[in-house]
Amino acid sequence: MPGKTPAAALEGARRLEALRIHGHLGGVIRPHRAMAGIPWTAWRFVTTVALGLGGFAGYVALLPFIGRFWQVLFERGRAWLGLEALIGDQLLVFPGGISFTVPSVEATTPIPDLRVLQIAGLVSVGVLLLSFLLPQRFTPLRYFLRLLAIVQGTAILFFWVSAEPFPYRIADHVFILLTAGLVVMGLVPLVLGLTLHVFDLAFWRKLGLTAAIVVHLMVFVPLNVLIHVWLLLHATAVVMPVLFLVFGLLLNVFIFVAFYGWALSWTGDLERRKLPPPVHLG
Amino acid sequence: MLAFLALVGVTLVWFLLPLLPALRELVRPTDIAPLKVVDRSAGLIVYFARNFRRYLDRVLPAEAGAGDYAAKLLDGTEFVRVNRRMEQLATDGKVEKRLVVLDAPLSLPGDQTFLMEVYARAPLVSGPETNYRAIYAERDLTLGENNRVFRWTHAGGPLTVGAHSILRGRVSSDTRVSFGADVVFERAGAPVIAHGEAREPPIRPDNGLTSWAPEGVRKIGDHLRIEGDLDIPKGSRVTGNLVVAGRLRIGAGALVEGSIKAHRDIELAEGAQVSGAAVSRARLSVGPGGWIGGPAIAERGLRLSQNAVVGGPSLPATVSATEVELAPGATVYGQISAMRGARTL
Amino acid sequence: MIPVFVVLLYVIVAIMVIYTIRHYFFTLNRLFGRHRQPYVDIGSAAWPRVAVFIPCHNEEKVIGHMLDALLDGDYPADRLALIPIDDRSTDGTLRILQDYAARFPGRVAPFFRTGGTGGKAAALRDASEHATGSDVSIHLVFDADYLPGRGLIKQLVAPFFDPEVGAVMGRVVPLNVNKSLLTRLLDLERTGGYQVDQQARMNLGLIPQYGGTVGGVRRSALFEVGGWRDDTLAEDTDMTFRLVLAGWEVAYQNRSECYEEVPERWSSRIAQIKRWTRGHNQALVRHWWPLLKRPPHLRRRTVLDGLLLLGVYAVGPLLMLGWGLALLLYYLGVQLAAGLAAIFAVAMYSTLGNFAAFFEVAAGVRLDGSRGRVRLLPFLIVGFLVSLVSVTWASVTQVATAWRRGPRPWEKTARHRKPELGVPDHQEER
């Protein structure tokens, strides 16, 4: 086969012999994992860009709908939970002239009195004690509980000693969490473009996962915020820091990671077609 | 309060939904075994061949002595045993789908395809235009022109490969491998591997060379480091290991007593010698009659010109590069690995 | 004061972003870049004389398995010396080593320490100076709980044919994955660290780290840089940087895998990571300035990689400080920037930033071809929390007690293996 490169000659022989990838007992012979890689294909490159940018564009187009959906959810939620608050709307203007409304919650932000602070203090101490009583195998939980107790402790300290008024109202809390949720949702297609679509998963799976995460967060974020509002109205602003810092954006990220881990366990195209992963040669 | 608890419940369930695969994996693991650490022997050139031979020991029925017949291995695989009646095999461009055991010295006519392994207990000569899945020959093996082997090839005796053949996977012999022209392969291992006739390592010149030392070097441990390129004049002798940050050229007939490494190309001119290893981050070319005593490694291409030699009868060595080219007479004592393929010129 | 806090917070976020970019860069390189394993195919060579050092302190549960595995290897027996170093063990280690020395004279030559500074580094220093002849050119090091395969020694020796290679590191693979959530999480972390991080460094010609086990050093390089230092808790990181600064390369062999036992209990894990933190921080203090001065043989990107590598354990306390500042600024009602931009910045960091580490692990698992375990990815968050707190605490106490000097105890990870259970065979690929 003069003129052909050795690699092309070998590839020709490989195509001739689909059976080469099977051992004499029928299994797929894979190169050692140390040598494996995931080379680009034109199709994967196009779909990565399309899903990343297209997904983002689609999300932006959906924003007004999401705003209305949240509005309905908040109004129903207020009635159902019996919240002493007014549900309004707030105009959001994103770069590029995109504007839409998201729900706002107007309510008096209860400030904790000494008794509430004492109860909060007792609960925090209890949580801290619990973290020390838990067996060693629950170490991550022990650390998490201590984190909670520390953050809550700072809030108690603030309300106890600070001469300054607490700088946030329920309305601010809700606004920040909803907009942060929107930003995370907007990042989903872009981050997946970089970290998921580059793998050899089926197109429909990638598309499905992008949609699933956005839809999941679209429902989760307002439900979570409604819980926050109820807690703030009943337990006062003393719980706002812990809700904001630990039970806000962090949960959204956790959801994203959970979906991502699940998706990465799916069978890839190469494996499904019983092709060995190619070796990187540059 | 009840409504709130219900909301918390619904939200919690919704939150946990994407976590279900993780929780399931945690509670009922599906992938909890340690990664299989594969033994180094899997990297041996003869690994698959030996595995196949062991497999035959297990599954070839004990009563299957010499003779011509078709039967099944103990694992149900169909095989055909050939002693004299070669017509049992599919010929004339047809495909033989059974595993083949050859008992007597045979010369195959060519233009055949063997979809299962061929096991030759006696010397085997393959005709032209023959495709094999894999061949295990206990003794001599001669492959004709334009043969193709898809998985591995092993011969206990000398292995001769006809011109224009393509051998995927591992090619090995317990004695020697001799390639014809325009043969493409991936990995080869034998006490001596050559394109055509094997050559002995050249005689090391004891005198007549001028001692030479590069300038502007830094001594680091047991090597000299040179920033930039280095040209070693022809007919000179350099003692010590060299690491060159740029390109390294070794002039005709020059000798480096030690190992060399260059971050760019290495060129050994005609008759140049390196007693130790040669490592290039880019390309390595050994001129006609040149010699490298230790492993020759190039991260891009590697070319052995006419009669160039790597290693020696008592100095096993490896040639490893992304692509390898062997000119007639090029000889390697040990092993050749070329991820993108090696070719004889 | 508030502007100072704000600026400080931004500096911390900027450092985190740099590490984030590094993570993404390494992962994308590993997935799509040119793969460098130049020495992996060296299977036929005139193999040099090698000494394998195995520091031991109360290793009766595992040392027999280790020696058996090494004795079963395919390295020419006349060119391989096994040197277990017993450092004042109080269990049956001494007796086991004497037994092996009697059964394999000339092959197993234990080195017994009865005094001097304690610890692995000191043990290695003494043994490397006294226990080998000058004809030994390569010193390999294994921890006593490792299980090398038959051909591992050849694989680890192969890169030393390159005269520029001063140290070699292989890949560590956890064996006891199925013991607990912790071991499963550590398995994921190791995958990201070796399959992706170390290999990407190798691909890019940066600084793969010599990890103190499943690896080794060239004898001439070792003594040129002054031998093992016994005043460090991370003699491996210290050696990596001393070699690199002196003009040597560290090679990573992704194909050279060896089983290890990872900690099965959180207390062991916390102790381990605290020890690594203190040792790594020592290396940071010692080597950041010589590295920054950039010796002529180092490229700028290598220096940058080295500085970031030195700083990995300092990131923990920085991140905690960042959280503290964020909390403080939250109470002070400080807007970090105008409205949405601030939220966007935080969200960017929380998702893209933190997420880089998950991407690295997931990519590694995917390349390993063992996909099911990647579902545990969200639980890594809790593992990170424990590590972050432990690293921070170790760093803070290290600074607070820097003035103290005293005898150095043996610090090692608890062994969980039951001797009577034996060792699983190394499995073979078809």
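By letter and in written order, the chains are A, B and C; residue numbering begins at 1 in each of them.
Basically, a contact is a pair of C-beta atoms (placed from the backbone, for glycine too) under 8 Å apart; a residue touches a chain by one contact, two chains touch by 3 or more.
Computed from a predicted model, the values in this text were never measured in an experiment.
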{"item": "Interface with more contacting C-beta pairs, comparing A-B to A-C", "value": "A-C"}
{"item": "Taking each chain's C-alpha mean as its centre, the one farthest from chain A", "value": "B"}
{"item": "Chain A-chain C separation of Cα centroids, rounded to whole Å", "value": "31"}
{"item": "Centre-to-centre distance between chain B and chain A (centres being mean Cα positions), rounded to whole Å", "value": "47"}
{"item": "Numbers and ranges of chain B residues touching at least 2 other chains", "value": "19, 21-22, 25, 35, 38, 42"}
{"item": "Chain A, residues touching no fewer than two other chains", "value": "25, 32-33, 258, 261-262, 265, 279, 281-282"}
{"item": "Residue list for chain C, restricted to those that touch at least two other chains", "value": "40, 255, 257, 368, 371-372, 375-378, 429-430"}
{"item": "Complex contacts: residues of chain B adjacent to chain C", "value": "19, 21-22, 24-26, 29-45, 48, 51, 187, 189, 218, 220-223, 225, 227, 241-243, 245, 258-261, 276-277, 279, 281, 294-295, 297, 299, 311, 315-318, 320, 333-335, 337"}
{"item": "Interfacial residue positions of chain B with respect to chain A in the complex", "value": "3-4, 7-8, 10-11, 14-15, 17-19, 21-22, 25, 35, 38, 42, 52, 55, 75, 77, 115-117, 131, 133-134, 148, 150-151, 164, 166, 168-169, 182, 184, 186, 322-323, 338-343"}
{"item": "In the complex with chain B, residue positions of chain A that touch it", "value": "1-2, 5-7, 9-10, 12-14, 16-17, 19-20, 24-25, 32-33, 77, 80-82, 212-213, 216, 219-220, 223-224, 226-227, 230, 251, 255, 258-259, 261-262, 265, 279, 281-282"}
{"item": "Chain A to chain C touching residues, read off their complex", "value": "23, 25, 27, 29-30, 32-40, 92, 94, 136-137, 139-141, 143-144, 147, 151, 154, 158, 162, 164, 167-168, 176, 179-180, 183-184, 187, 191, 194-195, 198-199, 241, 244-245, 249-250, 252-254, 256-258, 260-262, 264-268, 271, 277, 279-282"}
{"item": "Chain C to chain B touching residues, read off their complex", "value": "36, 38-46, 74, 149-152, 154-155, 158, 161-164, 166, 173-178, 181, 184, 187, 218, 220-221, 224, 246-248, 255, 257-259, 296-297, 368, 370-373, 375-379, 426-430"}
